[in-house]
Every structure is written in structure tokens, then in C-alpha cells.
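Notes follow once the structure below has been shown.
Just so it is clear, A, B, C and D label the chains in written order, and each chain counts residues from 1 on its own.
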Amino acid sequence: MKIIEPSVELWAITPNAEQLIERAGRVAWQSEPKEGADATEKFIRMIMGKNHGSVLEHASATLSFIMDRGVSHETVRHRVGISFTQESTRYVSYDKGKHGSQITVVRPPMTNVEEVDAWDEGVKAAEESYMRMIAAGSKPQIARSVLPTCTKTQIVVSANFRAWIHFFGLRCAPDAHPQMQQVAKMALKILWKECPAVFGPALAKWCPEE
Amino acid sequence: MKIIEPSVELWAITPNAEQLIERAGRVAWQSEPKEGADATEKFIRMIMGKNHGSVLEHASATLSFIMDRGVSHETVRHRVGISFTQESTRYVSYDKGKHGSQITVVRPPMTNVEEVDAWDEGVKAAEESYMRMIAAGSKPQIARSVLPTCTKTQIVVSANFRAWIHFFGLRCAPDAHPQMQQVAKMALKILWKECPAVFGPALAKWCPEE
Amino acid sequence: MKIIEPSVELWAITPNAEQLIERAGRVAWQSEPKEGADATEKFIRMIMGKNHGSVLEHASATLSFIMDRGVSHETVRHRVGISFTQESTRYVSYDKGKHGSQITVVRPPMTNVEEVDAWDEGVKAAEESYMRMIAAGSKPQIARSVLPTCTKTQIVVSANFRAWIHFFGLRCAPDAHPQMQQVAKMALKILWKECPAVFGPALAKWCPEE
Amino acid sequence: MKIIEPSVELWAITPNAEQLIERAGRVAWQSEPKEGADATEKFIRMIMGKNHGSVLEHASATLSFIMDRGVSHETVRHRVGISFTQESTRYVSYDKGKHGSQITVVRPPMTNVEEVDAWDEGVKAAEESYMRMIAAGSKPQIARSVLPTCTKTQIVVSANFRAWIHFFGLRCAPDAHPQMQQVAKMALKILWKECPAVFGPALAKWCPEE
């Protein structure tokens, strides 16, 4: 059993995304770009203030998440302007190769020793059952039946900027699962560094310490 | 530990769905309904043959599935014309009330005693760990970390007829998970009884024995 | 040239829609329905207050709109949980049959005689050009090139309740096109009569005089 | 009155799009990239052959179309994985500025002089009515009521590659409007030059002469 920490990595983003958003947005009014260093930023603020979020759909970004499989299922519930490719427990067999006959899991936040012991024993028993089932002839898609919810998964998420903002609004909020908030905020910080005008308001709201 | 069988139940369907589809479809050409007992059926066959599937979006149906939680995640991957409400492992606590301090699971298809024994032990150990974590103070959303993939879930799915046909095309196919095929075919048979003109071709393809 | 008024008609709605929404919503928490005459209404208000709008997606309604074709293009911009079938200017030929060699149009709100005269002449000239093109051998899909934006269209719209609420939020608002507001409010009043708990807040906001 | 030809221009595309698609696709199986110059191309062909189109959603492209406004309405009917910003006839006023008190239109394919004469007169009359209405005090959103269907529009379309392929499948087909086929094929040729592995099959099908 291998225990890992969640992580998030940027894989792709629309080049000059904020300029593209301005250029597309001006088509509606057939207006010309303004001069000045911060003209694009002002235009984006104006658009976002007026709730014309559809213009933000012209730019997009792809992030790869390593996280708890159960928590990832909140991720895939998003349906608009967002796309996923996820590690398959049907086709990946954890008994061999680089997996080294062990499952990889994410430990949830726990506060006392009894919780940790119980969790530890449950996950080890699951690993043992999985390996015994595979040895007895089960295919991975049947043996996964005993894999715990906290099994590590990798999920690649591509979404347009409007969909990312919607995602952060739900997944960074205090009533989201604590492990969801954790990875969602990692993602928000990454995108904010790339496009501060677009993701600044979300960062100010959800990560005020930054 | 309680082991159950998957099941599917019809909760709602558009009244006179096939007539509504014909009525809506004729708006495109501003044509008048034909007379005759099977005119609606003929119109629907013509529409489906011409790949004008968008007209099928005017009718919809709601089904409730009791199934394996892991398998249910193939269900929620559908994103267009389909909506879900699912039993929450964050808010439902299996240690009390009607749950009787036990988890409910769906047994996958297995072929030998060793597989079944390994599965059985893994699931029992998971149940024990879950109950110990809750007793030690874990909230359900943390303790669910050890719940097995085969935990029973209930999921209510509403979709328009075009989305249901798309769903059956992917989920009744031989390369879908065997437990997915099982519940998808249950659902198809239910909808075919209600609207044979719309779901007849899917039934003929995926359940030729009917 | 025939001038008509816009209109909206209910074609279908989920039976016992509010009960279905409650039943589906309770699946998330695995809770039991409360007794009492207004229990469903209270549940729906609670759900909507908590922004759990996804449960509203289980019910849907189909409305037929007769309206200005240009304005209808704001309608078809909605993309989520909503479906359309629209009268085709490619396949309907206005030179014959029940159309009686005339086009049907919707007059926009105008305030002086000069506007009305100019509009009238433009529309009549368009009608004459269309009929001449058809007579000279143009197919309807080419002759429609001269049809005015105000040509009457019929559009059948099916949407789930969450999508309808989103639709009213954009299309009943003061910055929507005046002719859009007109038909959107007609639609809202129709749905509110059917499901007052779901559409009451939108009605109170957009049609406070009701 | 100004008559223009339709055109299509590339505004943005995911950098190294085909490599990104391969990288994301391998996450499902947790497999490693193969060596060799055409490994990516082979992977993409394999994915497309197996109908695993969802992996193509990780890359996207933005194109700007100048086209007939009526025809553009077939464009905006696409709802999945695609986003639009379009020149607004509500907010753009064609009586002034760079528009020079004239409307810009796209001439449809016509075959005889009588058709062309009728079209010409209709469009000129529409232009005159529009300018008279504006002069009499109409706002653009009211005066547009008389604008012809063939009024020029600019529309910026961003879509992921799967959505573009779906778009070409419908809009390059022989039963699409002739003016739609024209711009859809321009768009297909542009994207094919950028990503030949992804768009090759569509080009071979819809533009076999290339």
C-alpha cells in the first residue's frame, strides 16, 4: 500500500488567452481595441461585471489531478464546457508492472489514532482481497469491487474559463468536501498565475490569503 | 453486511410521448398529421431513419436505479440531456437508523470460491473499519474513504429520449461493464414497453431475445 | 402580408412534477417524505434556497412559441437542458398552400407614423421580392435570403425546470429584447400556474403585477 | 449596400494539440508514449477508430466566420463543446461610422437574371426602410426588424476537436444549406492543416478533391 498526497499540474492553456477573450468579445459590438497597457484587463473586468460570461468560453485550460477516486466523482459531475479522461479501474491492473502489486491511496484528514488505525486496517484488507481475487482469476474490472473509495486516481480535466470559474465557485466553497477544496484551490492558484484578470475575483474570494 | 440485487424502476414519463414527438416534429415542415392507426409510429420511424434525433428530445423519462456505486460512475459520465440525483456517501451515515449499522453492497459476477471468499473478507473488513471510524468520531464523508467500490447506491436519472437512446448505445454494448449492461438492459426494456416505436430499434439490437 | 401577434401555448408537462422533484431530491439524503398538505412546497423551497437546482432537472415542460424569427434566435442560444424544433425557412415555401402567397410577420413596437410607414414598405418589398424569386425558379432556401428578420416563426421548446428558470432569468430581464420579454413572460405565467412552488420566485421577480 | 464574400479565419488553437490528446488519452490506461516519428498519429487513429472521441475534447480551436446571418443560425444550433460570440443586430447601428449608412449582405447562389433583380430590389428596399426607421427614431434593435436574412454577420466559434468533427459531419454534408457547406469546408481545410491526424478523415470524406 502506497500513500500519496494529491497534486495538480498544468498541461495546456490557450496562448494569449486574455487577448483572445477581448478580441472575441469586441465582435458583438464591432468595436475596436483600446490602447494602453491595461486595456485588456479593463475589458475583461467590464465583461465579467456585466455577467457576459459567455465570452470567457473562448479560452480553455487542461489540468491533470492526482486525487482520491471518491472525491473525483464530484469533479465529473460538471457537464458544461468541461471534458475528462480518467484512469480506468476496469483496464488498469494494480497487481503488476509499475504498480508493484500494491494499491495507491490518498489518506483523508483524520484527528485521532483510532480513526487512523481503523482506516489503515480497512485499506490493507482491501488491498489483500484485491490481490487474492486477481490471483484467483478475477479481471481487474471485477476485483475493483473491493477497492476502497480512497484509491488514488489520475484525471485530466479540460475546461473553458467560464466552466473553470463555475467549478471553483462550487468546489472551493466551504460546503464542498475538504479534499475537494484542497485540489480545487491548487487548480485555482495555477490558473490565476496564468490569467490574473480572469481568475483574480475567484482567487480573492476562495484563497484570500494569497 | 447486506447483499442486494440491482434493480430499475420507472418514476415518470412524458404523457403521450410519441404523439408529442410527432406534433413537435411536424412544426419544422409546418405539415399536418396523417390519419391512420399507425401514422405516429411511421412518422417516428421516418424521423429516426433520417437521423433527425433532435425531435426525440421533446419527451423524457425518469428511472431510479439501485446498483453498484462504482458502476454508477459510468452512468454519470453522460452529460447531454440527462440529469442525476444520487445517494450521497457524504451525508448518509450507514451506522444508524434504517441502515442498522451495516453497509449494503452489490456482489459482482464471480466464478470460483476463492474469488468469493476474498471478496467477502474484503467487504467485511471495510464495513468493520467504517463502523470503527464513525465510532472514533469520523464524519461519514471521511469514513466513506474505506467503503468498497461495490457499495450499493441509488441514483435517479431523468433523460430525454434521444439521450436514453445514446445511453443504451454505450451501456448495453458488449464492451460496457457487465454490471452496467445488466441495469442498462433492465432500463431499456422498461422504456420500450412505454414507447415501442422510439425504443424498438434499440431493443432489437441490444436485447434480441425479447 | 399577414401581421400576427406573438403567442405561447403549453404542449406537455411532467405529471405531478413537484412530487417527482421531492421524491428524487430525498434520494440524496435517503430521507422520508414529511406529512402535511404543504410538505412538498416546503421541500422545494428548501432545495431552491440551498441552490440545489439540479433536482429541478427531473421535471420538464414543452411550450410552443409563435414569434418574430429574429427574436427567436435569442431563444435557441440556450444550450443546457433545453431542446428545440423550429419552422424551417429552408423547407417551408410561403408562395403556396395555406400560406396563400404571402408572408406572415410580427410588427415590432414603434412609436410614430414614419417608422410604421418605413417598416411597412420594407416588409412589402421583401414579400414581393421573395415571391418573384420563387416564380423565377429559386428554391425557398435561396429566396429566404430576402425575408425580413420579423418573419413569423413557430418554435417548440422543451426544457427541464432548472433550464426554464435560467431562461426566465435572462429573457424576462429588462435588458432582454422587448419582444423577447413579452413572450418569455407569457411562458412564465403558464408554467407558474402549473407548478407554483417552482416558478413562484421567478414570477414574483419578473411579473410582480400578477 | 455592400456585397461581400464569406470568409473564415483561424484565431487560436491549442499548442501541440495532437501531443496533448495522446498524453491525456494514455491516462486512461496509465500507458507510456511509444517512440517513433508517427507514434502520436497512430495513437490518434487508434482512438478515433475505437470511437473514444472524448479524448479529442482536450484540444480546441477558435475560428472567426464572416457569413450570411440566416445561415449562421444553423451554426449556433450546436450545443455541446462549442461556444459563440456574434455581431449583435441589437447593438450595432448600420447607419453610421464605419458602416457608412449602408448594410452589408452576402449574395446567395442564383442562376438567372430575374432572380438576381428581385433579390437586388428586395435588399435595397430593406436598406432604405432600415435607414428611414433609424432616422425616424427607431433603435437598431427595432429597425433590424426589416433587415434581410442575408445580412452579413461575424461570428467567433470556439469548439473542442470532437465538437468540430461533429460540426463538419453535419455542416459539410450534401443536405446542409449550400452556403453553410461553403464556410464549413473552409473551416475544415484550416483545421486540417493544423492537425492532419485529427481532421484527416473528415477532409477525406467532405473535401475529397484536396
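Here are some notes:
Just so we're on the same page, a contact is a pair of C-beta atoms (placed from the backbone, for glycine too) under 8 Å apart; a residue touches a chain by one contact, two chains touch by 3 or more.
Just so it is clear, the model here is predicted, and its values are computed rather than measured.
Residue numbering shows that subunit A and subunit D use the same positions for more than half of their mutual interface. The chain with its C-alpha centre at the largest distance from the centre of subunit A is C. Interface repeat of C-D: among A-D, B-C or A-B, over half of the contact pairs recur, by residue number, only in A-B.
Rounded to whole angstrom, the centroid-to-centroid distance between subunit A and subunit D, based on C-alpha atoms, equals 31 Å. Distance between subunit A and subunit B, defined via averaged C-alpha coordinates, is recorded as 26 Å. One inter-chain figure worth recording: subunit A and subunit C are separated by 36 Å, centre to centre, where each centre is the mean of the chain's CA atoms.
Multi-chain contact residues of subunit C (touching two or more other chains): 79-80, 84. Here subunit A touches subunit B in the complex through residues 68, 70, 73, 76-77, 79-80, 84, 89-90, 107-112, 114-115, 117-119, 121-123, 125-126, 128-130, 132-133, 135-138, 141-142, 144-151, 177-178, going by the rule given at the top. By the touch rule above, subunit D contacts subunit A in their complex via residues 11-12, 14-16, 20, 23-25, 27-30, 54-55, 57-60, 62, 64, 81, 83-88, 91-92, 98, 154-156, 158, 160.
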